[in-house]
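Below, chain A partners chain B and then partners chain C, in two separate complexes.
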Partner chain A sequence: MNDPIIWIILFPLFGSIAVALSGAWLRKACHPLAVASMLGSTWAAVETLIQAIASPSHEVSYLLGGWSLQLFPRGVGIEFRADLLGALIALVVTGVGLIVALYSRLPVERDTPGREPVYYALFLLQLCGLSGIALTGDAFNLYVLIEVAALTGYGLIAMGSNRAAAATFNYLILGTIGASFYLLGVGYLYLKTGTLNMIGIREAIEAEGASPSVSTQVAFVLVLLGVMIKMAFFPFHAWLPKAYVHSPTTTSCLLAPLVTKVMIYVMIRMVLTVFGVEFSFEYATWTEFMPWLTVIAIVAAAGMALAQREIKRMLAYLIVAEVGYMTGGIWICNYYGLIGSIFHVVSDACMTLCLFLGAGIILEKCKTTRFDGLRGLFIKMPLTMTGFFIGGFSIIGLPPTCGFFSKWYLITGGMVSQRWEYVITLMLSTMVMVVLFFRLIERMHLAVDESGRNLGDGHGDLGLSKDRKRFDEAPPSMLIPLLIAASVVLLVGIYNQDLVDQIERMLQPFNLPTGVHYR
Partner chain B sequence: MIGMFEEGSIFTQLFVERLNYFIYVVLLMIGLWAMIAKNNLIKKLIGMSVFQTAIILFYVSIAVKEGATIPIYLPEHDPHGSHQPVGAEGSLEIADQSLPMQPPAPSAYTNPLPHVLMLTAIVVGVATLGLALSLCLRIYRAYGTIEEDELLAKLEEVDARTGSSMRSGRRRRAFAKKPKEGRAR
Partner chain C sequence: MSEQAIIEDARPLFALLIPWVGMIGVVWAGEKRANWRELATFSAASAQAAVVLSMVPLILNGAIVEFHVWQIFSYVPLLLRVDGPGLLFACTASILWIATTLYSIGYMRGLHEHAQTRFYAFFALSLSATMGVAFSANLLTIYFFYEMLSVSTFPLVTHMQDKEARSGGRTYLGYLLFTSLCLLLPALSWCYVWLDGGRLTMDFIEDVGKIGHFGETTQIILLFLFTFGFAKAGLMPFHSWLPAAMVAPTPVSALLHAVAVVKVGVFCLYRVYADVFGSEVLSKMSGEEWTMVIASATILISSLIALSQDNLKRRLAFSTIGQLGYVVLGAAIATDRGQAGAVLHVAMHACGKITLFFCAGAIFVATGKKYVSELRGLGRRMPLTMGAFLIGSLSVIGLPPLGGFVSKWYLALGALDRDALWVVIVLLISSLLNVFYLLPVAVTAFFRNSETEEHASFDEAPWACVVPLVVTALGCIGLFFCSDLLLQMVGLLP
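== the complex of A and B ==
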């Protein structure tokens, strides 16, 4: 137990084996086992973060297989290396995993009756893959972990209805293309640098200096293209809405907050640690057009979210828009933009979790998530809807939720870099989010139907029968995780300065520009 | 055409010096095209396999080295003699005759790492293919087709019935009466 970093992935790994074995004769044990292994994993992530903050170099390293750094150069074996960024993302992943595991008992019983052992085994393997992505220091190992997370993700989605299986097929094709492009890019990096260790690759690229080789540039394009397909960046987003809408409740609660966010982390990791700030922002010409691409992505996704008449589908398009926010924060290539981007990864994971947990409860209680079935929900389930709308307000960016502070840094970064197109789009999409969520609130408080007809007789009458107005709150096993998630959204917002301090500390060694423009 | 086989011409670069890259890119494009353009789900999966195999070819071909040997440290190379072959009777005489050989210089070894990496990639590819085939099976059992256009038409039907499609919402609004009051569409 001296190295908590490795226990972050060992807990879910052994947990999934234990669940698969014990589930054969004791199906009731699956859920407690899953919760227990996620508890262990979260504990290990907290320990790792504490160790990383306390250590002088702000990183924790673990060499798999025990090869020694003294005898061999970097890159002979696989290294797990958690700097502050990696440890933070690992904590987010395991924390979200823990909350969803707590929440999952009822929905999993309903969605996949009789197959809980398989479901929880895949669930834990998914978390093993995602937290591994956050921790690994080896470019090829990252590919393997991406595929571990992707394959278990396909399984988790396809365990829903037949419709979900059809949606998974598209996801599988696109996901494989994305991961293969990444693999190809890693091949070029290996060809050029002779190592797979991330630090080793950066040292070799920095040694190339001001005239980077063609191989490095090809690798840069391939790796980032692959990562962008995996993170559902706008032209490549087609797989995401269908896969998340038709998947079982627990699956969408787990995948929606984590998968895209972890891939954003991979992009940040590639830009900062693997290719290095100089190469990514100065020699590659991506900084010219990427902010414009994110502008298109945000506008398109926000527009599509406006067109939806169903909560889960609307949330799925919101994720695509948020991916645009974070990618833009990276490519305005500015100190504040990167702080905003990393902060937004954390806060977006919390608030998307909040929203999807809420949507899951609505689906459970009302049997529909269409907008016209929502009337009077605030009377029926006040606590659930409060939790849901704390997430919603965070997406809009109302203080003191965490979404406000991360968006603040993103906009500051855009202004400092003078990328006005990005700043204006952020403001504009904030307006769209306001419309999206206040339209929902309106549906719940006013007695107006889809075509604008008034249903009640005014004076706050919702035109509902008595039994639909009765207080009928969600079961505590689902409600409590939602309220925990909502309070995390508020707490991250209130203690934002501590988080930003840590992010600043992790960005210090990279010498990012605080001024106008990198070029 | 005269300078076709001269050093540095495009033809030589493509087909002689960099033939392996040329082949892998062609295979990659065939696979990508099949994955995106083919209508049949199984053909898409065949394309996926070609695509992944092209990447394996790329990795393996960059590790090729002419006249090199496998990087295995043979017992004869061990100067301390702990692994020296012992004669049939275990007599000292025979053991003494087999003096330690000089291992080849490191530059004479091929790089084993790309091959090892590709073992992992093959495993990943097999897992993906297995999962995809089982998905195909499920789609066929549920909808009775593995042609993408027919499948999409059926899915559209299902979505319209359950009301989870975004298109059905639009259609319903188009047929609904014009709202009397402007507020709260």
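== the complex of A and C ==
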């Protein structure tokens, strides 16, 4: 076990096989096996991050199959390379996977009775794919892992309610188009540079110098387009709300925090490692209009989130808005924006996890997540609601949750680049989030119905029957993961500087513009 | 100021944490053990006041207490610091919390209010945030506690849980969060990013006047973002949240919306004017008079609106907006005596206005009356309450020998120090308006007979309501006589 980096994906990979096999005669073993393999994977991710921090070059490399860099040029075999960014994202993926695995016992029994082995096998494969994306150092291998994650994702979603099949089909079509664009882009890159290794590609592009060839630019646009479809960037977001609303609870808890965020990571990776900062940020025309696209994306998604009357659907559109935040953070093209973007990947994963776990509990206890069925939830489930709204406050960006700090860096970045349209949009969308979450608080807290009519007979009487007012907290197996997630949101906020230190260390070699005049 | 001795001490942190402990006690006791719950609040309030008061001798000796809690960013710490103005504000809030606790017991039980546990729990939280603001040592720290206060008071404002509470809560939070997230936050990041290579703490002692490095236009934009960003100060046009927040139970209106929350707003503005911009930078800026103009306009307009309000609590709310304008005005005058007047006014007005709110609540508990026009003949029925109301009114108007006089006196002196005669005129006119909207209340109660009840008998509110309001009314008189001590504590005068 000298190379924990490979164990990050081997644990879930072997775990999924073990689950599929053992599940055939002992269905009860599926959940513990899944949790155990995620524990192992998380441990490996922590080890990898520690190794990466400790090593002088701040990266951990692993050559699959043991090919030698001395004998062969780069790109002959597949290389797994965890720099600080990759290791961090891998830790986020495995950590979220672990928490969701812990949470999943009851909802999986309910949503997919009798099919637990299949479900958990897909679940683990999904995590295998996602953490692989974070670690691989090979552009084509990245495509393969994207497809692993996507195919298992289709399966996980399709196990949901009746309408899940249609949603899955929608997702499948769009997801495949996205992946094809990406593959096409990688094809161009391979033609142009003759290698698939990320660093090899960048070296070739940097060798082109000040006038990059048209094919490189075409490759860039294709890759970008593919990634944007996969990350549900408005207007390519149509697959996301349907897929997350109709899927089983556990699936939405797993996919919502991870899939879009991992694709943001891919975008950052493409910009930084594959195409290089100089090519991406300086020679190209897209830096001018990308912030405007994110502005449109954020405004549209925030508006659509406002129109929803159901928690999961509202959260799904929130994710689309958050994707706009992070993409904008990349394309305002400076140091602070990228710190904000990377930080927001981490914090958004934590807070969306919090929210979806909470929504899952609400669905479990109330049988509905529609707004009109939420009255009195603060009395019924105070702890669950605390966890849920810690996530909500983080989305709004109230200190000391992690959402405040990532937003801080995003705003800072926007100011440094003087992209005022982006800064103002961040402000306005923050207000939309305030409305979204305090509207929920109102619904749960007040005795007023949708039309503004008073219910009950005053004095805190919510007009509910007695059993709906009783203290009736979620089962511990669901509540504890939610509270863990909520405390992670707070802890990441409190220890934000340690995280930012690592991100800064990772960004320093790229010489990004900071825009700050040092005296 | 640099020769002041700095003492490392955890007491400011204790003052912050005690309400949390109290909150745990409150939640543990719950509705079933109501006496224990009230005891928990009471002991938290007393302990907090004791901790805060124990720092008074240190500050009077010219020292400063500091405690480093946590590093927010590598270059900005969450630093608590107790200096004169902060301590005066903290003393005011924590001592009045004790009075309010006693008062809430009388009020909440007298009205058989629901969800009292939630009420006391969030009350404690807001007091913790208030202490945080009072003891903050830099801009980011103050912003953290400012936001915490906005959110933790929301359940108190919407306590009634009905339609009015919903619209009140929406206005309240809408104004406060809009201004803090959309005006204040950009201003903050702007300062932190661009000043001194983005490695500045914006400390209230070390970095005073660093904003002077910016260009003229930027300075003015920042000044306005800060002035309106701290909307808890109630400056027009962002004042509507305060009348809206009057849907809350009276103890909340009394302590939070006459003392803690609104004073947090003006205190933040005081910090911005005095300790971020600093009087040197302010006096050199060309557009700076506009803050004084806005404050003066707020004072006059809100007083005029108060004249027309029949609902007693709403009238008091508009009066509060006007009085907050005094503090902002004093801070914006940017002379030593003006700022001393501003800080003093925080304490003086707090004591007077909380008395008035206590009286309004006591009247409501005893008679169910909310409107000024219904108060005829009440002076005979509730002589203690209405007597206290008279004293409180006179203090807010600013007549000697009551506390409100001293602060207005220093405000006027401060204005004369920079030859701003028009400010003095504004002060005079608004004092006159204060007379017009406050005195009729007491006059109606004492000198006009009730039409329905001929022989109103003595019938006060529960003793737990009456005792606090009598005490705070006496406090208004006491403050006049110990104003020297307060001035020494503030340390703005030689």
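Structural remarks
By definition in this document, the second predicted complex is superposed on the first by the 515 of 519 C-alpha atoms of A that agree within 3 Å, B and C clash if a C-alpha of one lies under 4 Å from a C-alpha of the other, contacts with A are read in each partner's own complex, and residues count from 1 in each chain.
Just so we're on the same page, a residue touches a chain if its C-beta (ideal position, glycine included) is under 8 Å from a C-beta of that chain, and two chains touch if they have at least 3 such contacts.
Fair warning: this is a prediction, and the values are worked out from it, not measured in the lab.
In the superposed pair of complexes, A:Arg163 makes contact with chain B only, with no contact to chain C.
In the superposition on chain A, A:Leu26 contacts neither chain B nor chain C. Judged by the touch definition given at the top, the superposed model places A:Glu442 against both chain B and chain C. Touch criterion met: A:Thr430 reaches chain C, while chain B stays clear of it. Touch criterion met: A:Tyr190 reaches chain B, while chain C stays clear of it.
Annotation: chain A residues 442, 446, 448, 452-454 touch chain B in one complex and chain C in the other.
The residues of chain A lying in touch with chain C in their complex are 336, 393, 396-400, 408, 411-412, 415-416, 423, 427-428, 430-431, 434, 438, 441-442, 445-448, 452-454, 458-462, 494, 496-497, 500-501, 514, 516-519. Of all residues in chain B, those touching chain A in their complex are 28, 32, 35, 41, 44, 48, 51-52, 55, 58-59, 62, 113-114, 117, 120-121, 124, 127-128, 131-132, 135-136, 138-139, 142-143, 151, 155, 158-159, 163-164, 166, 169-170, 172-173, 176-177, 179-185. Across the interface of their complex, chain A is touched by residues 70-74, 112-115, 143-144, 147-148, 151, 154-155, 158, 160-163, 165-166, 169-170, 173-174, 177-178, 181-182, 185-186, 189-190, 192-194, 196-198 of chain C.
Every residue of chain A that touches chain B in the complex is listed here, in rising order: 140, 143-144, 147, 151, 154-155, 158, 162-163, 165-166, 168-169, 172-173, 176-177, 180, 183-184, 187, 190-191, 196, 245-246, 307-310, 313, 370, 442, 446, 448, 450-454.
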